[in-house]
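In what comes next, subunit A is part of two complexes: it sits with subunit B in the first one and with subunit C in the second one.
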Partner chain A sequence: MTDKHKKSKKEIIITGFGGQGIIMAGRILGRSAALGDRKESVFTQSYGPESRGGACNAQVVISEEPIRYPYVRHPDILICMSQTGYEKFIMQMTNETILLIDQDLVHLTLNKCDSFSIPATRMAEELGRKMMANIIMLGFCTTITKVVSIDAALDSVADSVPKGTEETNIRAFKKGFDYGLAILKGRDRKAVGKTGAV
Partner chain B sequence: MKPAVNTGEYFITGDVACAEGALAAGCRFFGGYPITPATEIAEHLSLRLPKVGGTFIQMEDEIAAIAAVLGASWGGVKSMTATSGPGFSLMMENIGLGICTETPCVVVNVQRAGPSTGLPTQGAQGDMMQARWGSHGHYEIIVLAPFSPQELFYQTITAFNLSEIYRLPVLIMTDEMVGHMSEKVIIPDAKKIMTVSRCKPKGRKNRFKLYEPGPNMVAPMPAAGEGYNMHVTGLTHDTRGYPIMTVETQKQMMDRLIGKIRGNLNDIIQTESYCLDDAEIAVVSYGISARTSFAAVDEARKKGIKAGLLRLITIWPFPEDKIRELANRVKGFVTVEINLGQIHLEVQRSIGGKVPAFLVGDAGGAVIPPDRVLEVLEEAF
Partner chain C sequence: MLCNWGPHTAFQILQDKGAEIPPEVKMIRIPCTGRISKSLLFKAFEMGADGVALIGCEPGACRYGSGTAAARENTQDMREILGLLGLGKERLRLATFLPDDSELLLQFLKNFCRDIQSLGKSPLALGKATKPEAASKELLSDIISSHDVYACQDCGKCSSTCPLALSGKDFSPRALASSIIAGDLDSSYVNEDVWACLTCGLCYDRCPSGINFPEFIRDARRFFKKAGVDGREAHGGFFQSLMRAMSSPKIKTERWTWLPDNIKLDHESKVLFFGGCAPFFDVFFRHHLSVQTSDIIVDSLRLLNFFDIKPALLKDERCCGHDLLWSGDQENFLRLAKFNVDLIHSLGIKEVVTSCPECYRTLKHDYTNYGLELKFKVTHIYDFLEKEIDKGAVSFKKIDKKLTFQDPCRLSRLEQKADLPRMLIKRLKGDRFQEMPDSKAAAICCGNSAWTGCDSFSKALQVKRLRQAHGTGSDLLVTACPKCQIHLKCAMEDPFLGDELSMEMMDLTSLIAKTICWE
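And then the complex of A and B:
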């Protein structure tokens, strides 16, 4: 991790199609940071017809200090759940951006930054609810980026999803979280020269 | 059941924070008509008001909405409405009625880009002059422009307090960006929130004069049905409230309507100064554009440019003394707002040609990025 990744302010964009729960994911992330981790956070969203079907995005800024300008200029974390969303924000990425994608929905065209893939939608379908792909992605984001604490994220998920679906959503979150753990473990092994065969 | 002052920490939008601020201020009547991007205020109050003994009515349009709000206020209840550009235009005539009849109430305008239907889902700050002069005739008005959900909560309380103290409609001019962004909002204990209610008359009811000013130039206000002499009209009226169609009465009434605001500017006007002590360039901004300006000032300072920010919380009455004082010690001004020069004109007027003033403005629909302000700070001076 470079210095930029350690800086106290984190700018995050989550993008995808309306209906995938992009806005919900942004709100949960912002809420986790503000109420759970007791930091400052601002959540802004695309508002209009796009949030009901077109390409939509959620922006979250998290900081230890009061946040003046609430919008993302260059994302530290970019989460893409659609190809259109990926292509729309590709130019705002820097070499330091951590890119998280749903690997079945996004085809990378530019390898300019660190990227992490998860089949979030497929995993959600296996859990029986395609709608929970956003929560799986949040779990994944929590392990990979540590932008919010797991406790804060879990509380926020439970408080934000429709009543009666808390347990399944938490299960979905943990699935994404564990998938992230496995990927990080794999990377660590590679880093010390170990291969998969041990 | 949630209490009216819903103490706690929340992650909510500006619109919801505004609605909670209204409840905390003691608002118990909302009359409105849904319109993007102000609908969430009505939506939230429609759920909350009936549970705290209040009344929510969706009226047939915005003309009726503001009429209902004025009526509720004369019924003795703190009342409000919330709208956006097109609805705000429809409310203009009755906002004037509220001013002339000295009726406390709060009108929120979550601004979107106009003119006309404009960009319904995209914000702007283009109604600032309409807030000042949109109703006919000459008058004074109080207008506030918060820059965050937390401030929307508090300034909604302030708006109610000012409307109750000075007996007039107070306007909150926020914007789609602040209305729809979510941030941490802390709602304190009820006992830590200062609320003010209109001064009630004392003494013999049949000798009562509805518009006889008290010590702060404002008359005490009874509610309809309390037994006091009451005649409420938008016609020019004397201190009894009776219509008198003379030049003298017009002057007396106007002196009162204007004087109660101009005579209490120090009590009304709020601004925030940021890095202004040693500033050579003063940025003037409000609402969402103030957040752009904070970032621009920070970046300018990093580059060695001595910029500072005067953030206007009160827009009208305009803090012209503050600008005038700054004009004596800075090299110039930059006004940042999402219109093509409204408050900029007021800044220019207040400077009186002493130093140059530039505008960083836009036609509306998007936030002005800090880089555009920084460019002007770097190049114009």
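And then the complex of A and C:
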């Protein structure tokens, strides 16, 4: 990542269906930046017809400096957990956007920017609760984009989820985190042309 | 060792002439060098020889035709094993002489003695064979009561499931147990059958009283060994000798010299890979079965590297002691265990990974059961792989084979981890995976475990197992233990059945290593 990106603020959009925990994920992300990493962060959630179901989105801005405008115009990070969410924001992506998708729910139609996919919902089902796909996605986002630190993210996951489910949610977070590590490792290996073991 | 025919004449000429034969030469007259098996060659070292020269007739002059050729193979293999063991290839030599070559023979003996003197004393410290002592009856009654064999209800479920009994052998675990309880210790039946048991653990799996029959047999063997009963060791007791040899304090094995260069190791690492005895097996069976069990070690290391683990190796790793423990030699097992544990502790190792089910079982449970305290955790490579692969982002190349799986008794039954290899197999992209009729904890043994009691019945059960494997319609038999490979390969070479049993075999670790890739 260039210096420009390191200094400047990060604008993030998380999008999906109502009920997937999109808003929750946005709030956790903002909290980890503000409370854990001691940065500035602003979180806005879509409020309109979408909050009655259908596509919804959460917008988070994280910065070292005070944030003067709370909305996101061109996301640095776009997390999509539904096809309609993806299509809605397709025009706002730049070629520097990092796109994270649930690979079972989103079919990419445009290769505009670097994208990373994870079967978050499937993994959550394997863990026993489909509800946790958002937390898995957060873990994945933490490794891939490093927009918040892992400790900050873990603390705010534990503080935000319903009492009694902290342990399973932390497990889900780590699952996504490890998957991200594995994806990055795989990319490195591919870059040097060594994908197999033998 | 001197062949009776050609070279012995040459030796006699030297004696008649009063030639100065080096005094350290101890001549043993043998009928033919071809009959000196690898185990006999090694026995000489075990009995304290510093060097062994096998002296026979020139290739064309062998009275029996093939003697010299056989001797050549045996010495070649043994030299390699001596190398791995750290004893030095140079301590064993094969030479051939015609009856007239007495001067050449004298020269050879002088040179050989000089070379051996420069190498120094053999580091093997097991000169004396253990004397049979009056094995105390208390030991046996302790063994019986510690395993609560008295709880046997004589129901016979063990006999009806024992793969040896099912292949026609007159063998019954419960009858053996009750004979031992009754003190019928000298009968040929007990003395023979206590070594015939495969210790596969199927009977324990079925026993309603939960008597751990394999462990009872293991401990009972200790008693019979002490009483001087012949252990019916397979391959002339070679493997027991080899493992005993590794318990000599001074020996420094050199078992890693053959590793490919592209394996990444880190001597500072806190993760250790424990290899096991596969390199020795490969050399020993090279001319007979041509098994490649050390591939399992290489592929395990590659997989660790694949997941960015650069493990340490024990430079002079000794045998884990499994086979000695299970063939009644607890004393030497404990010596090996102590050496290994001390060495591992001295390196500050936190985790030991192994791919051999027997090493796993022994390191993880038997070391602690016998009072050693471990400051490291023991992981089977499958546990490691399952954890890493489950993190995601890896996939597998297609395998154009139909797979079936041979369970290793130590992992599937004794450690109750039958599902673990299956989880991995299901991730592979084979054409399909088909279980054999007897699988998981009910699987039939590969026919041997501690190199004892191999006979026609264990062979018959291997044949039965291979027919089951063929019956699944599969064309690749996946194994998980080097010994399964060795024993099933041996059964496939049955000359009467020809190609009927032959089937491609590959270890699961190798299969994973060959097909795994980053997405």
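Here is the rule we use: the second predicted complex is superposed on the first by the 188 of 198 C-alpha atoms of A that agree within 3 Å, B and C clash if a C-alpha of one lies under 4 Å from a C-alpha of the other, contacts with A are read in each partner's own complex, and residues count from 1 in each chain.
Operating definition for what follows: a contact is a pair of C-beta atoms (placed from the backbone, for glycine too) under 8 Å apart; a residue touches a chain by one contact, two chains touch by 3 or more.
No experiment lies behind these values; they were computed from the predicted model shown.
Colleague: Quick one: subunit B and subunit C on subunit A, clash or fit?
Modeller: After superposition on subunit A, subunit B vs subunit C: fit, no clash.
Colleague: Once the structures are superposed on A, label A:D178 by its partner contacts, choosing first (subunit B), second (subunit C), both or neither.
Modeller: Once the two structures are laid over each other on A, A:D178 reaches subunit C alone.
Colleague: Between the centres of subunit B and subunit C, viewed from subunit A's Cα centre, what angle do you get? Round it to the nearest 10 degrees, please.
Modeller: So the angle at the centre of subunit A is 150 degrees.
Colleague: In the overlaid three-chain picture, which partner chain does A:R31 touch, first (subunit B) or second (subunit C), both, or neither?
Modeller: First partner only.
Colleague: State whether A:G186 touches subunit B only (first), subunit C only (second), both chains, or neither.
Modeller: In the superposition, A:G186 contacts subunit C only.
Colleague: Return first, second, both or neither, reflecting whether A:I118 touches subunit B, subunit C, both chains, or no partner chain.
Modeller: A:I118: touches subunit C, not subunit B.
Colleague: Closest Cα approach between subunit B and subunit C after superposing, in Å?
Modeller: Superposition on chain A places subunit B and subunit C at a least C-alpha distance of 32 Å.
Colleague: Is there a shared patch on subunit A that both subunit B and subunit C touch, and which residues make it up?
Modeller: Shared contact residues on subunit A (touching subunit B in one complex, subunit C in the other): none at all.
Colleague: What residues on subunit B touch subunit A, complex-wise?
Modeller: The touching residues are 9-11, 37, 121-122, 176-177, 180-184, 291-292, 294-295, 298, 367, 369-370.
Colleague: Within their complex, state which residues of subunit C touch subunit A.
Modeller: Contacts found on subunit C: 299, 302-303, 305-306, 308, 391-394, 397, 512-514, 516-519.
Colleague: Residue numbers of subunit A touching subunit B in their complex, please.
Modeller: The contact residues of subunit A facing subunit B are 27, 30-31, 34-35, 40-45, 47-49, 67-71, 73.
Colleague: Going by the contact rule at the top, pick out the subunit A residues touching subunit C in the complex.
Modeller: 118-119, 123, 175, 178-179, 181-183, 185-187, 189-190, 195-198
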